[in-house]
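Here's the structure we're looking at; comments come further down.
All chains are identified by letter, namely A, B, C, D, E and F, in their written order; residue positions are counted from 1 within each chain.
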Amino acid sequence: MPRLSNIDSEPRGNVTVESFGLADRTLRAVDLAAERGERRLFEHLHFTLSPGHLLQVSGRNGSGKTSLLRIISGLSRATHGEVFWGEERIRAVDGGTGSCLGYLGHHNALKEDLTAQENILFAVRLGGGTPNADSAISMLERLGLAGYEDLPARFLSQGQKRRVALARLLLQRRPIWILDEPYAALDVQVIDVLRHSIETHLAERGMIVITTHQAVDIDGDCHNLHLG
Amino acid sequence: MPRLSNIDSEPRGNVTVESFGLADRTLRAVDLAAERGERRLFEHLHFTLSPGHLLQVSGRNGSGKTSLLRIISGLSRATHGEVFWGEERIRAVDGGTGSCLGYLGHHNALKEDLTAQENILFAVRLGGGTPNADSAISMLERLGLAGYEDLPARFLSQGQKRRVALARLLLQRRPIWILDEPYAALDVQVIDVLRHSIETHLAERGMIVITTHQAVDIDGDCHNLHLG
Amino acid sequence: MREFLAMGGYAPYVWGSYLVMAGLLVVEMVQLRYRRRGLMGWLKRMARLTEQEERK
Amino acid sequence: MFRSLFALLRRDLTLALRRPQDALTVVGFFVVVVSLFPLGIGPDPEFLRSLAPGVLWVAALLAVMLSLERLFSDDYRDGTLEQMLLVPEPLGLLVLTKTFAHWLITGLPLVLISPLLAVQLNLRVDEIVMLMFALLLGTPILSLIGSIGAALTLGLRGGGVLIALLILPLYVPPLILGAGAVDAVMHGASAQAHLSLLGAMMVFALFATPWATAAAVRIMLD
Amino acid sequence: MFRSLFALLRRDLTLALRRPQDALTVVGFFVVVVSLFPLGIGPDPEFLRSLAPGVLWVAALLAVMLSLERLFSDDYRDGTLEQMLLVPEPLGLLVLTKTFAHWLITGLPLVLISPLLAVQLNLRVDEIVMLMFALLLGTPILSLIGSIGAALTLGLRGGGVLIALLILPLYVPPLILGAGAVDAVMHGASAQAHLSLLGAMMVFALFATPWATAAAVRIMLD
Amino acid sequence: MSERSIQWFRFTAPANFYDLAGRLIPWFAALTIALFAVGLYLGLVVAPPDYQQGDSYRIMYIHVPTAWMGMFLYVLMAVYAAIGLIWRIKMAEIMAKAIAPTGALMTFFALWTGALWGRPTWGVYWVWDARLTSMLILLFLYLGYMALHAAIDDRQRASNASAVLAMVGVVNVPIIYFSVQWWNTLHQGASITVTDAPTMATIMFVTLLIMTLAAWMYSIAVVLARARIEVLERERKATWVRERLETES
């Protein structure tokens, strides 16, 4: 039975930025249950996440963290229960789940034969945004990839690939971030940049669901959900 | 440039067990170098490992530990240099590399559709040994798998699979063990059993080359080789 | 009787049809039986294992 | 919306250009299979000629089928397919775009190279024109139907052979109509009926299969 | 030594029995491809009969080729192949044993099911006997040659199509001889020469290919 | 309280099916045996030989029922698969999976008996006639369905994926049928066609009817039995399975 600690549904009082214009919507999970290969991973899981809040999902390997994150982002179906974005079910959101939600999974989802910049620009275009080569380059620079924009992704190291995936997430500007092990393969400096981005995102009344085995202190309204 | 600390080539004085009858042979690496995808991982690497000694290879992710272990066990070829078992080159040992060397890699090398016991017995038979169901079962029991002998490997958890692979290694009785992250996915009790097995193996004048990110104290002649 | 078995000269075709069908129907039923028995044995073993785990 | 789809199309074509060997291998397979037949059957020109429509169509069908394995599998393995599920466009359209790109990369080259092989098999000019036209109408159907199979075997062991078993029975109608069209011309009949049916089938496939494929992708990524 | 090899053979057969669908799919593919031909070429019985040897051989060849992808890939993925390199037996013999198991699982069933398809294509009894005999001699050659391709494409993307291109040219001689043998019987000639050549080729492949395959495995695992 | 009732519902639906099917199967089995006995007696002994085809026409008594069964079961399988996929009803998924092998078997019987009938009637075992060919393709569709089911380890995913395949197949069957029919008439005149049985005598008609019923009963019994096994496999963790285990051993 998962324990959910310290959730307070009140929005933070002192924040007025409303970049996403969706400040009144919450992310709610109602009585979720998931099964994988005969095993019941969790059941009767409820939570409500308000704008500006972060939910950290923790648990042993194989306890079902990735499974939960995929259900939240509508990639998998739960065995039971529903996830809501405001009053809409997340799988039936107007304009597609992807219009409210960015997902960073175990895979970096980069094409090895495209350059870092091409990878990012393509993702932005596919999401319906306007490609802006300058902002892509400056984001890559911010993540310490200056000079690597034109290298095909196959020549990037594991950590560098992860940075490109992060840059893509940051440029997509979605109100909800679902981050599965975002720190994996990153070195200390970039973890710092990412931490800063997370805090800014929360301050702009975004929401984050995150799982990680590494301990990184986030300044903001953080809640913990333990599986297993 | 790799640093090699604290190698003393003298065999331990107080050990007289010679289970393998190979007590006079050493494992030597002479001027090894390895390249992977344009990058030089290490070069000018020398070491000599005497019976009853253990060599721990350490280094960051991607520093070339697995590459080195594969070269030592004759699975990969070095860009430069040779590995010797006694006076023979390891890739040309009489009766095959496998006659002197057991390798446990990142993969468990189990067939998902065979039971734990079948997996072990097959490996022993393939190595030219006589299958002995009793010893296989008692080895599995020693590793905490009593009652699971007849389960196809696909139903075993990650840690249990690792245990079966370990049982296989222990039953093969080879003088040199090459262990790549042997503790991965194991729980505390089995790590203890493994530690004990390693110590016994050293006491019987076996040799071990190991890499691990987890700190486990081994009682015996341990040396460290740092890459990266 | 012999006349019946001869099927007016069409014995191989008629009996070939009927016997193969009968044979395969039997095979299907036997296979179902066999599968059911195997499954039952397996379920019982698993139940025993679970009990063993719980006792620990 | 069209911007998204166009971006996807452009990406797939760019990727294909960066690794031309993938597309070339399919064409190569087509050529080799067609060339194997005279070896197995004997060199009699009249005989080969009468076989040609069937052999060319079967070979094209097998080539498309083999290439299908890669339609989604690369995107599946590196996680791009997952991200595609989160694109604010209907998955069916995305899948259709990918299938179109796949056809441009594999189906179209087959159409373009087919005259060469047809000449080898002693077809006449009007027959060759009809063959190309029938392939032009038929190969998109093959890609569209095949995309369902490709999605259904995502991440499975032995995917290649399995796709074959799933898809080949569904390939019967385009095969019959396509080969039939060339045959009709060969026997001096009109291929009108064949072509209209092929066209109708293509339109039907165009509207029906993307949704089935999208459903299959969702299921296999679940 | 024979104990090791026998153990390996037994394991591969056990595994095949635990997952019969893998072997069945290959047979299914064979049957489906052969059935496609009449659909492409037309139902005229005499015509089909004269094509039958070539069609059956090409289909068998494609089926074997597609199944090759799995010859080493499972063992490669779960690390068993790596362990096999450390077995104190010559790798060539191990590889040969695996290839033999592969033939028993895929080649032999093709031989056994071929009479059924031959009947569909209106072959006579003596032709069917020759077909089976030729396949019995020929499919091992296909497996042996194919094992080289399977080893060379271990762990590569798009392995399936690539194997096809590498291997198909090498399949030409057994194809010509095998189809030729049946053809000879069909035309009342003696198939003696074809069969002796096939036999010689098999013996040669038996001794030559395992070492090439072993070398390829070593290289790809490096 | 409401949570508990949902759980209760979910776990008893398969249990109900399991018990009910267990009680029904003996009846269907008995009916099968009785109908087959009567049908075989009528068909092989009582019914007179055909004036044209002699005794070979007796193959019809199994050929026609199995051919009908083979086609009907495919549609039924697709319907169950669709219900299972759309409304996520587990029992429908199980039924779809349980029908496939029997449907394939029936289709195979139709092919086999048809081939053996064709030899005395047409002189060959097989012609690429429209009806024969589309039956063959139906068999392939069954085999593909089963192969896909077997290839996917995860049960839920296997059901969903093969449901998509079954639905695509069922849309395609008529298309395939018509195209094949057209193809055949294009290439050659109707020199060989499935000849209608001569104006059917009452006894033949009755026998055919009885054999058809027998095939129905057999299929129902076997499909139910297979579905029961499937249910047990899927629900092996449920408490009701353990209870049944204890009572049934």
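Throughout what follows, a contact is a pair of C-beta atoms (placed from the backbone, for glycine too) under 8 Å apart; a residue touches a chain by one contact, two chains touch by 3 or more.
Note that the coordinates shown come from a computational prediction; the quantities given were computed from them, not determined experimentally.
K.L.:
Both subunit C and subunit D are touched by which chains?
P.N.:
F
K.L.:
Skim through the chains and flag the pair connected by the most C-beta pairs in contact.
P.N.:
Answer by contact count: the chains D-E.
K.L.:
Work out the mean Cα position per chain and let me know which chain is farthest from subunit F.
P.N.:
B
K.L.:
Taking each chain's centre as the mean of its C-alpha atoms, give the chain farthest from subunit E.
P.N.:
Comparing chain centres, A lies farthest from subunit E.
K.L.:
Please report how many Å separate the Cα centroid of subunit A from that of subunit F, as a whole number.
P.N.:
Taking the mean C-alpha position of each chain, the two centres sit 48 Å apart.
K.L.:
If you average the CA atoms of subunit B and of subunit F, how many Å lie between those two points?
P.N.:
Taking the average C-alpha coordinate of subunit B and of subunit F, the gap between them is 55 Å.
K.L.:
Could you give the separation in Å between the centres of subunit C and subunit E, each centre being the mean of its C-alpha atoms?
P.N.:
Once rounded, the distance between the two centres reads 32 Å.
K.L.:
Taking each chain's centre as the mean position of its Cα atoms, how many Å separate subunit A from subunit D?
P.N.:
The separation of the two C-alpha centroids amounts to 38 Å.
K.L.:
Find every residue in subunit E that makes contact with two or more other chains and list them.
P.N.:
25, 28, 32, 39, 42 - these are the residues of subunit E that touch more than one other chain.
K.L.:
Residues of subunit F that contact two or more other chains, please.
P.N.:
In subunit F, 137, 140, 143-144, 147, 151, 153, 156, 180, 183, 187, 236 touch at least two other chains.
K.L.:
What residues of subunit D sit close enough to touch subunit A in their complex?
P.N.:
Contacts found on subunit D: 1, 3-4, 7-8, 10-11, 14-15, 18-19, 78-80, 82-90, 221-222.
K.L.:
Give the list of subunit A residues in touch with subunit D in this complex.
P.N.:
Residue list for subunit A touching subunit D: 73-77, 95-99, 101-103, 105-114, 118, 122-123, 125-128.
K.L.:
So in the complex, which bits of subunit F are touching subunit E?
P.N.:
115, 124-129, 133, 136-137, 140, 143-144, 146-147, 150-151, 180, 183-184, 187-188
K.L.:
Which positions of subunit E touch subunit D when the two form their complex?
P.N.:
22, 25-26, 28-29, 32-33, 36-37, 39-42, 47, 50-51, 53-55, 57-58, 61-62, 66-67, 69-70, 74, 157-158, 160-162, 164-165, 168-169, 171-172, 175-176, 179, 183
K.L.:
In their shared complex, at which residues does subunit F touch subunit C?
P.N.:
40, 44-45, 49, 54-56, 58-59, 62-63, 66, 101-102, 105, 108-109, 112-113, 116-117, 119-120, 218, 222, 225-226, 228-229, 232-233, 236, 241-242, 245, 248-249
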